[in-house]
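So that you can tell them apart, the chains are marked A, B, C, D, E and F in the order they are listed, and the count of residues begins at 1 in each.
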């Protein structure tokens, strides 16, 4: 059976900062630069989730993209949109909210809920110039 | 010999609907939602075709991108542009015109015509938020 | 009071064709080319609506962009999305569904519903390369 | 002398919230929705500044776009990038940091510093779907 | 009669440099920076041409966008694409090929050829961050 | 340890032509078409560099994206920006400056300088419609 990748995009706007509590203020600013601003900064994040599977012979769907979008909203973007990624999110605790870590955490939210096909990739654009991707490796 | 991937983008604008003849009208609307509108809807599709091969030591080309574009137009987008994907296309028969199925059918159109390098991927954007990819797996 | 322009973008995907009933088939194809395909074609439309007014001294809003988006959805894009622009839309009757005409008709739908500021522009992208704008002139 | 408009784009990433101190918490959430999240949210802002003038007969420049970019950085985006728009910016005090108000405040920062041509427009994209513009009216 | 603006986009890729013959090499580099590189540099230019007029009551067209595109290609982009803007173009002589000057020269090429509606704007993107516009003022 | 891909984008604007010295002028034009224009043409190139590695348990970084950007500027884009790719670049000698070859050469520039993670991909957009990618295969 042919394997096809299907991707759905959702967006969220959030605040965060990069900061290691165990480090001095000076070390935080030296390492993270302006990303360590104590009063936060923020981004328009773009989230691309890709699943892989065989198109159903009758419907032609690997997955219903509308349902994938609803799942992404319910499990991920409704929890992140217009929130503070360091303070407000139940599945981001005791971990630095870098794009790298966010892709892994988002994968863990979505993977158990994907049915009849496999989660292949979680890609997160922090800006149009920086993005991270996790493929479950 | 180094292997390089080269991608060419073409576009087409087409109408389609998602509909299973064996299903009742109610079941079609329940499953496909507004995509089942009887009078059709449509999209600006973006098609990305990627081939893989070694750059020629003299010309530096894996493939002449202009020739790849001409091939994509002749075999695919001239047949799909400003057409109805359910009714008008010789290579889409008895199959649901979802993006998933379209990537497989477009691969079958192009693969026998690619010379001196290998077709690697057919990627089709239905909107900026939903896209499918087939890699011949 | 300072005047500021605020713009909200919504999208819809629709089918249409360009066809003059009073003309012969040959004349229609000669004039409209592939846009006259009898079985329709379609587009991902991008709609930009701009209003002009003074920011409220307390809230800083010319208009609540969320409410402007809801208005655009209720009066316009819910009626156009996944529809056939020649057949399915109550406010498009006996008029060619070109982007030019659509901007005028969308203006007429929205203008009476805009409160406390003025509708300034309706801009409609048919593709990334062709767009029309109406400013009520 | 021919008048030409020249536009330069810069970007900044910032946190903010929309909140009226004189209002109850309930009223703030009712009016501003999730934009009133106490722990902030944020955006990747895109700033377009347009000046108008005659191209110099020798250099062909209305303004040196590099110098316009430096001015925008020094007077505006260096002060806003990776900052909290409610707390961190000297020229945003006692005013709601909506996109509408930001365009007026940015105009006031830039206008006295533009030489040999006229500031025509300050346009600010909060997301790809919402943007404000101020033209000094 | 309602007035509608319709815009068509074409693209071209060209080389140029900014250089004043009457100036010393040092002064050229001081003023134009890396844009004065003697061996040229280049851009993917995006050209937006807007005309203004009333939609025809039968066809719904202000102008046939395909014909506007053909006119832009014949009079402008076929002459600029894959060319050197300082050396190769008949209508760019004895003038600095800045984006500002190019918009005026392109206007002069197109304006006499536009029929039944009026040329409103010529907008040229040199990069996604710098663009010029001429409106015949 | 989870493996994450992180990508950084930089841009440069350059001139080039495609030309084989050993071929006649006619053969060059026949093969390369307008890309063989003797007076050069140019592009706005978009360069995407992807590295792969484990996020640091404390900082959450696979690599500091700012440092990756600085490395890309120092080793690659500062040498290519506003240059002639056939004449001006120390690491492009005796090789056709096609996008295919450029991705390999850029890989060779960057690969020895990437520390603590692995270079995964060098992707180069010549236009929005043509791009090449090298993954070290």
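As a working rule, a residue touches a chain if its C-beta (ideal position, glycine included) is under 8 Å from a C-beta of that chain, and two chains touch if they have at least 3 such contacts.
Please read all numbers here as calculations on a predicted model, not as lab measurements.
Any chain bridging chain E and chain F, meaning touching each of them, is missing here; the list is empty. Across the assembly, the mean Cα position most removed from that of chain B is the one of D.
Under half of the residue numbers at the interface between copies chain B and chain F are found on both sides, making the touching surfaces mostly different. Computed from the mean C-alpha positions, the centre of chain C lies at a distance of 28 Å from the centre of chain E. Each chain gets one centre point, the mean of its Cα atoms, and the points for chain B and chain D are 41 Å apart. For chain B, the set of residues touching two or more other chains reads 128. Inter-chain contacts, as defined above, occur between A-B, A-D, A-F, B-C, B-F, C-D, C-E, D-E, E-F.
For chain E in complex with chain C, the touching residues are 2-10, 55, 58-62, 65-66, 69. Within the complex formed with chain E, the chain C residues making contact are 18, 20, 22, 31-33, 95-101, 103-104, 128-135, 137.
Per the touch definition, chain A reaches chain D in the complex via residues 11, 13-16, 34-35, 37, 39-44, 81-84, 87-88, 127-128.
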